[in-house]
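Each structure below is given as structure tokens.
In the two complexes that follow, chain A is the common piece, with chain B as its partner first and chain C second.
Let's turn to the complex of A and B:
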């Protein structure tokens, strides 16, 4: 309960702090929507008469905006400049600060990106089944958790290397290719599709988008939950090892 | 000539700094490989479902990706280390003040004096993909096509430099405006032919933010033969963009009063 209250305070603080950087947040919105927009144009050129393509990619854009994570900037930089020490000395879990900032940025991106999603939807005359959209909510929540865990996990490598941006960049490429942004999973060649359905990346983007778009009736929450448990375990192991290795600036 | 010697000296110093961190070399090479691999895979997936995309064949797409990668490599090697995050590093942290005191043109020092030699791996990989594309193309490019591709790649590189300078110049008027993320996101659109995009975006990418000149136009010239009008337009665009960048820089400097003022 105490942690939830602390998280609420932190979230409020971060939302207010980021409100002054709305222009920079807009550039982050553009960054988030470019890859799905390219996918939308490419696959619409391949299947010009299939409205499901546009519906799916509009959903992917929204899912991407709602699940973006930047821990390689917000958290790893604290390891590099030593200010992680401040967080370690506070009588609260370090994760409270990281999650608070993550949720604040996502809230701003969703708010600022909503007009783009709306305009794209109107321009392409995309119609959604709102029951399917409602059904996608639990999948979206788990996708948000998965993306955070994946990015945070890769950001923890900052304890060992100063090339965390390269590591997270590699992770993003995997999400792009196997997550359903480069192509809807159903359009991948058979072998690749089978691999993509097992890896966690599909659960980060493609699965909730497919359910919201109505191209898939139901999915397996269990598949996402299993990956959440696995990633939480790996994050905890890496966090403990990383903190043991961490040496504060000046010591 | 003096500027070329300065460029060579800057590159040499950057190279010596870079090779001191060999693990970084491994990371950069791996990331360049995976980044390019992902881009190619995304396109090859499309070609498992279609023979052509917006009138472009697989070979043409590979040539386009190779050209895009080559110019991106040149940008990340020679331009980004100088002009990335310029409002913060150049203006607010005062690096520009140091350049203004040195006996060389401030535009050259601010935009080309530093480099990231390890990023040249992207150029090498780009050339590799280009060769792959040419190898699987139905017909080999002619001498005229190769020449016009070369001219247009140089023009594309100049436009890239000019766009980066123009973006940096905005900092003289709005030092808090940080558009690097936006610029690098929009850059991704150059990896695909402009024919793929909807008409408004296509016009934007051809005339306003000329990403078409980066890869689409040179690739078309290489495989489909040169067009004199396009060649002329490319060279004119490069000259115009460079002149505009130099003018904007001069106007910005007249307005600039120092990092702390």
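Let's turn to the complex of A and C:
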């Protein structure tokens, strides 16, 4: 209960904090929507008669905006500049601050990116089945959790290396390739598709987008949940090792 | 270790870490890809001391002596290589919530953490939630802090827009709003002008008087140490070189006192002349000869004014840093 109150307050704080950087947030919105827009243009040209392609990519844009994570910029920087020490000395889990900031940035990106999604949808005359959109909500929530865990996991490497941006950049490329942004995974060659369906990246973006677009009737929440459990486990192990290292050598 | 009457207890504390090293040049750079070499840096070496509840101790030493490392260990940020530490009967680096609510670590180099866009009042309100301070206590403490730190004009300002002196005042307010029992102050007046530094010193003194808090303070400014700390712990190269009253250190390091004398005559035969200007002389005289020399001066010369002074602490400490303690 106390953690929930603290998280709520932190979220409010971070929303306020980021309200002063709307121009910077706009650049993040642009960065987030560029890759799915390219996918949209390419695959719409390949399948001009399939309205599901446009619907799918509009959903991918929205999922991307709502699940973006930047822990390599926020959390890792705290390791590099030593201000993680402030967080370690607060009587609350460090994750409260990290999650609070993550949710605040996502809220702003969704708000600022909504006009882009809307305009794209109108321009391409995309129509959604709102029941399918409602059904995609739990998949979207788990996708948001997965993206956060994945980015946070890679950002924890800042305890050992000062090249965290390269590490997270590599991780983002995997999400781009196997998550359904470069191509809907149904369009990938058979072997790659099977690999993509097992890896966690499809659950971070393509799966909720396919359900919202109505191109897939049901999906496996279990597949996402298994990956949530796996990533939480790995994050916890890495977090403990990282803090042990940080508290052994300092900042 | 059993529960003690000390607020801080440090026993044989050592801290070492490995730092990568390599010779200059391309060859060494390629070599380090295969085999990295490390050098062990001994930051702290068997440091021991205790601080009683309510005591204010100055922790001084040259740059790199191990002061901040010790502070970080005592507050719980760092885990030592060996040794035992108890702060308020708790091992600090376990960072239990109950312990963290009873201590504060304020660094002059980073006085205020957290969101910089927030106002001071928003940040204080967050501290209230974080440290479970009941509202009536929060209001009372805030009123005290407002008065002591002249916070009123700052409450609605954003953290990022504060000057260095203001940031330090706010940093102290944020640390003290939950009334910690042990306060670690690392260079609290660094970079501040004379007035702002004086304000901070005055505030710390009043806070200690009011709350009976235990304070460990590091500073390179001897004015801080002189005005706040009856006890001094001097550390150098990771070892405690001196632990005791300030006056004793001064006497130990400087076997001389200064006699400042205003006279038309020539007092130079009575001691070593350190300074001379406008009829005012400063003589350096061995401590045990001060009384006799003063008597002879007053008999031999027409003295307008005479004062016996300790040598400036800055000089004493500088000597201790450069030459070590005898």
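By our rule, the second predicted complex is superposed on the first by the 246 of 251 C-alpha atoms of A that agree within 3 Å, B and C clash if a C-alpha of one lies under 4 Å from a C-alpha of the other, contacts with A are read in each partner's own complex, and residues count from 1 in each chain.
Here is the rule we use: a contact is a pair of C-beta atoms (placed from the backbone, for glycine too) under 8 Å apart; a residue touches a chain by one contact, two chains touch by 3 or more.
From a predicted model like this one, the values you see are computed outputs, not experimental measurements.
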What does the overlay on chain A give for chain B and chain C, a clash or a fit?
fit
Considering only touches as defined above, state whether A:14 meets chain B (first), chain C (second), both or neither.
second
Could you tell me if A:6 is touching chain B, chain C, both of them or neither one (first, second, both, neither)?
second
Could you tell me if A:163 is touching chain B, chain C, both of them or neither one (first, second, both, neither)?
first
Chain B versus chain C as contact partner of A:247, first or second or both or neither
second
Using the superposition on chain A described above, determine whether A:116 touches chain B (first), chain C (second), both, or neither.
neither
According to the stated criteria, A:85 is in contact with first (chain B), second (chain C), both, or neither; which is it?
second
What angle, in steps of 10 degrees, lies at chain A between chain B and chain C when each chain is taken as its C-alpha centre?
90
If you stack the two complexes on chain A, which partner ends up touching A:173: first (chain B), second (chain C), both, or neither?
first
Superposition result for chain B with chain C: lowest C-alpha separation, Å, rounded to 6
Set intersection of chain A contacts, chain C complex versus chain B complex
none
Can you name the residues of chain A that touch chain C in the complex?
5-6, 9-10, 13-14, 16-20, 82-83, 85-92, 244, 247-250
Where on chain B is chain A touching in the complex?
23-24, 27-28, 30-31, 34-35, 38, 41-42, 45-46, 48-50, 53-54, 176-182, 184-186, 188-189, 191-192, 196-198, 201
Within the complex, chain A is touched by chain C residues 17, 69, 72, 75-79, 93, 95, 97-98, 100-101, 105, 110, 113-118, 122, 126, 129-131
Chain A residues within the chain B interface of the complex:
23-24, 26-28, 30-31, 34-35, 38, 41-43, 45-46, 161-163, 166-167, 169-170, 173, 176-177, 182-183, 187-189, 192
